[in-house]
């Protein structure tokens, strides 16, 4: 294997100004199974493909609820996602307890950004090896954020991360104009499931491997698994 | 020996987004003697093959009780397993003392996950070199968790880890449909012992080397060793 | 790739007295999209080209407000810019709360300088991989500062940083004599937009990708995005 | 000398899941002079071969008393054994003072395990380079433990560690069935001395180089050196 | 590039007893624009050549006031000079507040020495990459100190540091006998400007790039920039 | 010079279980001038060869008094011996003040052992590069200890360490049977001086280079230098 | 340049038991200008050759007063000497304030020894790169100590350190018998100046470059510079 001279740790710039360890962390995301998110004005939806190691294992959790109005899906190292979602959950509680208001989705993104940035600028740690799609609903409507290991957290209309996510992205780009106008949550979910389907290779979506979550106007963060996803298959 | 450039510590991603030290820790598990676990709705069972260094040594402990409703078996570095089981035992006590309730099995898995994840993201330590099968019984029924050095803790219906564990896994997959319906603890134990037998090579199960534990409805965590395992041979 | 022997960390001088890691951080700025700033006696303006990763993403924030009289635009690693702008915002609050006066623009520059210098003289961190154009208005008039990862913060009449910024710089140098006399804010903004245009290659400025901010006499820090930039296209 | 790439410190797994530094520490034990231990139901005995550097030196201490009911013999780095035996002695005192009961032998083994495990999982130290045979007598009878640098502490019926210890081990295995039934302490000691003799090469046991200790029912930890060992030669 | 084996950090002596990192820091000084200082019995003067990156930038500050009786000019890394001048300024304040007297110039030099020496004897930092000419006036008359990254702070009659400073030095040596007798501050400044001129190559001194400061008997530290330097051109 | 791969620090075992840095520290002892010690039942004596760098220097101190009943001689790095003897002196004071009794010689050896062992098991330090011969007299009679950098502290009847010490050792072994019976302190000193003489090469013992100390029954630690050694030449 | 494998830091022994970094620090002393010291029973004198970088610089301080009865001269890194002399000065003050007595010269040497030894046994620092000649007068008469980076501090009758110091040493050895009897301070100074002269090459002693200090019976530490040295030229 060819040894790159500037990729030993996260605190060394390459001569072209790149942080290779941060870029390698992006590769860890591509190892994870795909997850897709999209939003209209009032609703945000995420779908994810669950995997199991073998017949005996239950399917790995891909979607995590953080608060009544906030949740996320992940692609990459699951234990790293736990650290970040635990952190968000604490911050949600803290906001409720101390300020008596829900943590805004934008603020949630900022908090993740700052936490992840620290890991890219101090020796002895490593960037988080996970990407997140965060959905939430607050005073300013529905939101979809894409979190990256670099600490970049982008507001997006739709996104897909993980293995073969390009298929879903291409689909979303094609139909974006339509779905951002959709005001029927059911239809929005169907679009998101269809996008997920575009990233499958030899798999079929089933009640076992499909996970869905929605949040929005009058809809607290709700997750559908197993038989509950049947209507969307 | 070929030197991989990205496997010197746990905080360096390879260009393909892998953490090699975490993967090497998995190899330590394969050096350990096999242990098998399975569960039905109300009972969870683990069996393990004990080894002794020579005639003079007693057989190494493979199953550790954490609380009345929780225990585990291990494959890999035994001293690392001690650290983790001691931690679980403390958390069980803490839950009982502070919240006056048993630590839920799911929570136990989360606690192990978080502890192990830290060792994969800070310089100067190493991942735990041990895999665990955790069985427990709480309000939501019987559970079987598989803990991995990465911090992944999966809910499984059955699993086998350690040397030649594939034999047991194949057997479990074949009979899973049957045993998840079994409501007779005795029969469940027998299935688990049979699975263990599928992973043996030149060994025979004896009262010396077989260790069994069960937990479930009306059955606190109970361990069978020596003559007590005779009925299951 | 040729290995330079003195670029492993920020605390090693090369035999010619250079700190290569600090120089490499400058390269990270060149990866960012261009931003341009200029000032007359009473007004300071920044314009920036926003990028989006794809159709689905919103455009990345390039301009950040710190206080009523102070703001900045960035080129380079956005998460690093967040750290620095958060720091400035805290210092602005602190100045207001403790001294009951606005943080002077010069002092703001000094604070950034000192914070960035520390990262170039202690092992285990890295220089900030971002350049900033800071505009502000205080008792001594309008100011434009250019912040560099080395900790140099220069007072400038105009500047452009980021990809292909040389085009804008050349334009600014040519028209500097004129714009430093301009007292009409609108006209100043137009000059700044025109300068930005000189650094574009295959892009056109649109309501989507143009971001403008101004601060000055009787004008608190004001940002124009989306349809608000139409008059300046 | 061939350089193994994964043996530089105790926190690096080899690709096969081994911790080489821990294995090398085992080699330090083999450099030490031999010590042998065995136990019946009510008595545990250790014998050890003392060495002296030259005629002028006294013979090195091989057996260390920790408490009235607990002691140990060592093979390997004597200063490391001091650290561990001092620790045990403190724990014995602590148990007596705080809980008003003797430290159980099993607990003593656990304490050593935990202390040694820490040195195999934190950067900047090294595993202990010593093996111990611990004998003790408590409510559950006589015990013999074998401590290893990995943190493994095994309950054994008999063991021998140090240079050429295989001879003693083979002997013990052959006669184990007999000695575990012996209820005469004197006879037990003789068996243990005989085992030690099996590991000698050009040496003869003398009052100078033989060290014996016994503990058990109605016999506090007692050590025999010099003329006191004459009856057993 | 040839790799010197003993220049990796400031705490390694070469076999000839040299600290290469400290010597490399001297090279950083040579990269800076030239500054010249001289003193007579009652007055000390510094002149410096200011540079700007381009037409748009203001000229970089080369002279920094520390107190009414003390100031300095710099050549090398400006952010490092800020750290040192901030430190001197604090010490001046401290002396005034706590002892109610001005910090003596000699003491100021000692303080800089001690601060810089620490950076040459502890791992994890780097020497300051800047040279300073410090002028001051106290009870013992006018002083001129030259500060070096090694922590050497020399009392000098005249000095020049930075790019092509040799020209100025040669000039000063030639006329030293004269200027140390000069009691007219104006004439002293003129000599110092003339010395500076000897180090120029393709540049001419202008109101833009010339910076002058004087301190002495009945003259508090006074800096001349822009049009104020016209009389000395 | 051939590079041994396992001798970079004190916390790395070689594949054969050796700690090379500890062994190299023994070599530092061999660089020091010779010192010899012996003891009978009631008296312990040390003699040492003092060296001076040149005619102008006084002779280096080789014997250090720690307490009325305890002292030592050294071979190797004198500054390291200072650290250890200062430590012993403090412990002697402490014992006297807190327990109102003299520090026993055995305890003194244990304290040195523990202090030295720490330096062989923690990264970032080095073993002490000095050997010591400690003589003392307490309730259990006269003692002679040999301290080694590994932390081994052996009770010996006689010993010699330092350059060409083998000559003295051989002599001591030959006459040991005699001197351990000697009850006349004077005669004992003469034997020890004679032993020292066996290790000389081109030197002769003189009042300048011979240093003697004795401690024992009714004789507090007494040192003879210069003209006081004349009777023993 | 040939890379020695054991000279990277001060905490690594070479296979021959040497600490190379400590030896390299001795080389730094040889780079410094020469200083000479000698003593009779009641007086101690040091002389030193001052250097200046060029005509414009004052001559570097070579002699430092620590207290009324104690001072020193240096060869090597002047900033390191400042650290050590500041330390001595503090200790002198402390002794006066707390114990109301002057710090004895022997104790001063011990303090320097201990401080310097620490730098040879802890990772992350470096040995002091300076040699010192310390003169003092206390109850036990006049003293001359030679301090070395290893922590060795030797009592000497005369010594010379720095560039070409061998010439002075040879002279001192030849005349030592005479000067140790001299009771006339003036004559003693003259001998010391003459010794210094033996180490010059192309230089002549002048009022500019000669520095002298004496301390002794009824003579507090007195330094002669400039015109005051005329009588001794």
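So that you can tell them apart, the chains are marked A, B, C, D, E, F and G in the order they are listed, and the count of residues begins at 1 in each.
To be clear about the criterion, a contact is a pair of C-beta atoms (placed from the backbone, for glycine too) under 8 Å apart; a residue touches a chain by one contact, two chains touch by 3 or more.
Everything numeric here is computed off the predicted structure, so don't read it as measured data.
Trainee: Quick one: chain B and chain D, Cα centre-to-centre, how many Å?
Mentor: Those two chain centres are 31 Å apart.
Trainee: Between chain A and chain E, what's the gap in Å when you average each chain's C-alpha atoms?
Mentor: Those two chain centres are 55 Å apart.
Trainee: Roughly how far is chain B from chain E, centre to centre by C-alpha average, rounded to an integer in Å?
Mentor: Centres of chain B and chain E (C-alpha means) sit 69 Å apart.
Trainee: Two or more other chains touching the same residue: where does that happen in chain E?
Mentor: Where chain E meets two or more other chains at a single residue, that happens at 4, 123-124.
Trainee: Hey, how would you classify the chain contact layout here, line, ring, star, complete or other?
Mentor: Graph shape, chains as nodes and touching pairs as edges: a ring.
Trainee: Follow the ring of contacts from chain C in the direction of chain E and write out the chains one by one.
Mentor: Beginning with chain C, then chain E, the ring reads C, E, G, F, D, B, A.
Trainee: For a test of understanding, state which residues of chain G touch chain E in their complex under the given definition.
Mentor: Interface residues on the chain G side: 1, 3-4, 7-9, 20-21, 24-31, 53-58, 60, 76-80, 82-83, 86, 119, 123-127, 129.
Trainee: Spell out the residues on chain C that touch chain E in their complex, using ranges where they run on.
Mentor: 4-5, 10-19, 110, 113-114, 116-117, 120-124, 146, 150-152, 154-159, 169, 172-173, 176
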